[in-house]
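Two complexes come next, and they have one chain in common, chain A, joined by chain B in the first and chain C in the second.
Here is the complex of A and B:
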């Protein structure tokens, strides 16, 4: 198993100390070397465009690219998530703009270019847009289909909504986007919770989960965890009505208690709406869901993971629970392994980020892989969310990709499976350093990208479980011949320094100048195959360009 | 050509640099063009904290066309960052010849810009008072207000305090005290808004709408500029007179 963890703050921003929380990730299925990510990261020089993180080498290196509209001074963007279409290379975004807090649906066909993303939809009174996208390759014209869960206060109390387009890639605004209200029960709590989460199967089957607030006291809610399903891309006269009585969906869990604590509740983090759902890319009837609640009065805030193998009609009991857990994120790879990413507060003072990968639907509890274990009380939170109201996990082929935020102290002990820092850092003195590689920089919260590949399980066995309730016989899951592994190997960066950048020490160094920079314990592992992709851009001087006539 | 003052207000990163090479880039992943130039920063005039250490560093400037600068020239660049990877790429808003008074011009423009922003907040305020704050407490919304309220993690979470009034500088108010609201939330949308503590003394710019145009339950502080410490009273009054 090969694990790569990268602190995403680029070298040029070694001097930054922002709270870069609430990360999200988009890996281009058409070219997994192309990755976009987001966090509450401002453009250091301000302006009206907030940045996204971009990588073109599979996550080995990162840059900030300012293309998201609506930024204001000190507030880059509200909630933001992005996803690529399946084969189009188009990146879609759902944001709450900083300047208006309006929902914006965004699009760009060049995530690494400098042009601002195009606004396709602008609407007030919204919350927490959550983007999922694909290309319907079996449909004529291979259109991009995009589904954005969001909490639409314009339709209160039935606020759970999906904004969808059946052909989003090229048409002018609104590019086919329009809202479909999912909630139909008029929740007694006056609305649904902020998290509305779609997941798409290539067949056109779509599941959407949300938290139905049956009561709300101001500090907690009694809720149902609801799933609805559509079998044809969310089209037709009554979309998302494929399961449940009257087509109104199925309660995965009913009457759960979820604290609504928009303040420091767990390790400087707030809680109240944690939800994730994923469908098996090889089996549209196999679905996993995770959410968090307090199952016992005054008990710990707990993540639950459950599975359905009959298309969401029925759900099994908890397969996993994690006490003091937040930010569950689920993904399933091309051979059916389920990944479960989460953050848990341990010992009352340590945030641990774990991923568990199971090849048998958690029939045997996998050993968590610890991606990070960091102090929970430093740095002191600047704002909420401290780490994020969500993190993200996805899978392309047999590689899992994910993103989380954490304390960025360059301490190898905090990263038991290794880490690479792009920003200047001294792992011996455990000190972040500015761009001059000498001036100390305060600890803060950074986003971390990771990939996991070359899993070492045996092939997945057919899943046969006793029938639950009255249902058709459960067919074993037949695993087709293994899909040829797609091994993504970020190339080793060629080190080209010409001319070398000479750091200028602008203040007397606090510490003696040590050999920089990156930790080698554990060593930075090259991920096979080691090959460069395309020509490497030189930074040596190039031939001067002949003067051109002014445009 | 925008003035130095306008450029200073718009640009987040202002620096003096020597143009070393045209048509080049320091940033792998950012394609050079005839409008990009590698420059060596010799002096920083205005910068965010994250870029304060860039004196002596080479970065890439995307110049405004038509490009008139030549390699070997020095200029003061007014810029915004557009790409931050192994190196920084900034977009030029304009440039000016280096002069001894440039720092003072930029500093003066920056101060003037802050005054402009404060003047705008004062113009938008529904009521401006001087006074001292009491201890603050959670604001209890009416049942009707709660019934129609949408709950989001981005809610302001109104708290209230009572100002013992020294003077009314704008608007009208009867009585010696005034109850005001402020966003107690530390959500990313509100964390920089003023948080009132007992004993805070100064100028209070109070609004009946937030920055997004939504009505507040009562007169409220919204923007970081909406509270000015008491030593700024005369400065505020001078701006109001303009």
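Here is the complex of A and C:
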């Protein structure tokens, strides 16, 4: 198992000391080297676009790319999550934009490009959009399908909602997006909890979990942890009604107490709504859920993990509990290992970020892998959430990818499984340094990316050893020349005149395995006529080929 | 009866057992002798932390010998290490977390060695054997020294690849606490030596054993070689899995099993690649029979509940294409395999590898210039290498390969040609590293350095930080050497752009060149290698037929023959081929052509065996 942990702040921002909290992550399933991440990170150059973090090397290095609309001075963005389509390379975003706090659903087909993400939906009175996306490869046209859990106050008190599109990649705004209200019980709390979490199986089975507030006192709620399911991509007249009485979903837990504390409740962090759900990519009936609650407001805030093996109809007892835990995040890899990421306050003064990986559904409790173990009292919070109301874990193949925020003191002891800082830092003096690599910089909260490669298949023996001191020269990324069709020289004159010229028709791919063909704007047109070879003649030329942009 | 302990010390991978001592344990059992195996490597990782251990294995160049250095620091106290530490700091990019962790780890070596005495219950054993390969020398020497200091009567025996040839003799000569060295294959010599010792007989004449009975370190006779590989027992990995199960690192370690289906190199026996020093004095190729390999895979998989196997063979037996691989395909035992392999494979062979569960390969690609490949006596051409890269991509077989340079006789034009090839294959797997050849002991480049134009041969500079001995002694202990060229060349000058482009290749593997079959056109080549562009090349009729014909490399003559049979004009065919080459849809080398577009439908026909732990 290979663990890699990277402080994502680029070297060029070594002087920053922002509270880069509430991180999220999107790994392109079509090319896991391409990763986008988000946090409450301001644009260092100001302006009306907030940045996302981008990596094109699997998370080893990161840069900022300001493409998120709505930034204002000192407030880059409200809640933000992003995800890639399954094979489309399209990145989708759900944000509360900073200037209006409206829900915006966003899209870009070039996560690393400089163009601002396209706004597909803009709507007021929303909270905590949580994006999940895939490409429906078994559906004609292989459309991208996007599901965004969010809390829609336009439908209060039934606020738990999913915003979904069944063909999100190409169509103009709103690209098929529209809200579906999930809640049916008119919660006594006047709304549902902020966390609405979808998870997608490639068969079209969608689960959505939320926290149904049955009562709300201002500092505490009584709630049910609810799961609804749909077996056909959320389509049909009564979507998400596959399980539960009347199709209204199943309570995983009922009458739990959840403190609602927008104050320093655990360390300097607030609590109120922590929830995660994930379906096994190889078994659409195996699904895990995690949430946090407490028996009494002053008691230990505790994460619970449970499993259903019958498609969410019934749920087992707690498989794992973590006292003083927040930010549960679940993922299942391609061979069924379940990953459980969380943060826990230990000793009253230390935030530890753990991941547990189980190959037997937690039948035997796995030893937690400690990703970070940092002071909880420094730096002083500048706003809440301190670390974030969520972190994220996902899996591609047999590799887990995740992101969390933590105190960034460059101390090896804080990262017992290692860490790489891109920003300047001296681990001997345990001091952050500015871009001049000399001026001290204050400790702050940074986002940390990690990957855990379950399967390593290294060569048995190194064939060569790069000599010491010879490093590959550093070279700036070359920006490719403008898109231009290749022009093949003058047409070869056929000996025999070919059949009539006709435009090229790009047939639908027979085997759309990887990557599928997606239109490239502008609309496709034949660049040059293509001649086909006629019936076999005594002497027949082979015609030149010319490139065409696809339809 | 003597009690024997075999130790596997740092630094080696934690994720696989030591096959050498595991095989010896099984051989000892065959001879009625008992021994145990201990994993000092795992214990050290527990002692210092998995991550610091991993830094030495994965993050630091092997040419730094950092693992050896930290044990040398303990073994030879009082030396000035400031120069080494400064170099290490530079190597790790300054005062990074890695640098701090490595220094902290070095401080724990003494306490670790002391703890080993208890952990491995050294007092209970009469003989302690150490296996040493690559960076295990100093850790083994350090613990052996401590054992001898505390228990002078215990016998210390060294074996492993670091004991082959003059290296074994120098180890024995320089380190008096080593009683015996088993040099070369020890399947017979080690049990024979233990039997003699057990009987209190002098180990006279045991082939492969170095002793100092005459006052000097002396090899009694060349070691026996195993001729019939089928007669070897299955390695006994029980101690490894028991150690993992009891370890605090059990959560971190994902074990794979090792299998040795062959020794030596059948290609090397015919044409020794000039840079390769892997086979020492045992180049003769010997392979287990297909039935034996298959049954061993089944037995070991069932015994340890693991289906992932790494073959330690230097090269896969060609016979396995006839027997073992079809057997694995047909019986489908749920096993996945890694092999090193010669790269001149055909489609049918790559497909068979995939169907047999060979999930990962290390092919001997080494270069994209046929001239350079000839210089290194590789026995393949550049276009064959590219064919393999494309076929492995099509069948979803992971490959690891390196692009080597610095071969005497190579020319700047070789790398200009390499650049042209790279420009056409950016959609295929990039090399892991682009690096100059290392001069290894036992390689033709080392043995015949002057003949190859290599001069001023001396051990890698970091060896001097490990051994406080005269230069000739350090040279005898060394395996890696540096050199200069007799013609004064500096390959970096003509390779720089290849290095740059290979870096870009690795970083930007986003584009693709794939085949899409349909009705009109019959075949579209979709090219997204140019960033931001998506070009479709429709091929019809004979165009499609020719392109598919070049799925495996074809000569111009055979292409023209095909075209002629369809009544096509040869001039237009050549022009068509020129177009394909210019647009990087086809690779041409000499009069041979190879289609470059990937047929992504191949992967679906049968997926490779899933790599799931059987337990």
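Here is the rule we go by: the second predicted complex is superposed on the first by the 451 of 551 C-alpha atoms of A that agree within 3 Å, B and C clash if a C-alpha of one lies under 4 Å from a C-alpha of the other, contacts with A are read in each partner's own complex, and residues count from 1 in each chain.
What we mean here is this: contacts are C-beta pairs under 8 Å (C-beta built on N, C-alpha and C of every residue); 3 or more make two chains touch, one makes a residue touch a chain.
Everything numeric in this text was worked out from a predicted model, so none of it was measured.
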**Request:** Could you look at A:381 and tell me whether it touches chain B, chain C, both or neither (first, second, both, neither)?
**Result:** first
TODO: Scan A:153 for contacts with chain B and chain C and give back first, second, both or neither.
DONE: first
- Message: Quick check on the superposed pair: does A:56 touch chain B, chain C, both, or neither? Answer first, second, both or neither.
- Response: both
Tell me which partner A:410 touches in the superposition: chain B (first), chain C (second), both or neither.
second
Thinking of the overlay built on chain A, is A:137 touched by chain B (first), by chain C (second), by both, or by neither? neither
Q | Which of chain B and chain C A:96 touches, first, second, both or neither | A | first
Going by the contact rule set out at the top, does A:33 touch chain B (first), chain C (second), both, or neither?
second
* To do: Pick one for A:217: touches chain B only (first), chain C only (second), both, or neither.
  => neither
Based on the superposed arrangement, let me know which partner A:398 touches: chain B (first), chain C (second), both, or neither?
-> second
Chain A contact set shared between chain B and chain C covers 56, 504, 506, 536-537, 539, 541-542, 544-545, 548, 550
Touching chain C in the complex, chain A uses residues 1-3, 31, 33-34, 56-57, 110, 335-336, 357, 359, 366-367, 369, 398, 410, 412, 415-421, 425-429, 454-470, 472-473, 475, 477-478, 480, 482-486, 488-489, 492, 494-495, 504-515, 517-518, 520, 530, 532-533, 536-550
The residues of chain B that touch chain A in their complex are 11-13, 21-32, 34, 47-59, 62, 65-66, 79-88, 90-91, 146-147, 149-155, 157, 185-189, 191-192, 212
In the complex, chain C touches chain A at residues 13, 15, 49-52, 54-55, 58, 61-64, 87, 90-91, 94-101, 104, 248, 250-254, 256, 278, 308, 310-312, 338, 340, 359-360, 362, 366, 398, 400, 402, 404, 433-438, 461-462, 480, 482, 492, 496, 499-500, 503-504, 507-510, 512, 514, 516-521, 524, 526-528, 530-543, 546, 563, 566-569, 571-573, 575-576, 579-580, 582-583, 600-601, 603-604, 610-613, 615
Residue set of chain A touching chain B in the complex reads 10-18, 40, 43-47, 49, 51, 54, 56, 61-66, 74-75, 78, 96, 98-101, 112, 114, 124-125, 127-128, 151, 153, 156, 159, 190-191, 194, 216, 218, 260, 262-263, 270, 272-273, 381-385, 389, 422, 434-436, 439, 501-504, 506, 536-537, 539, 541-542, 544-545, 548, 550-551
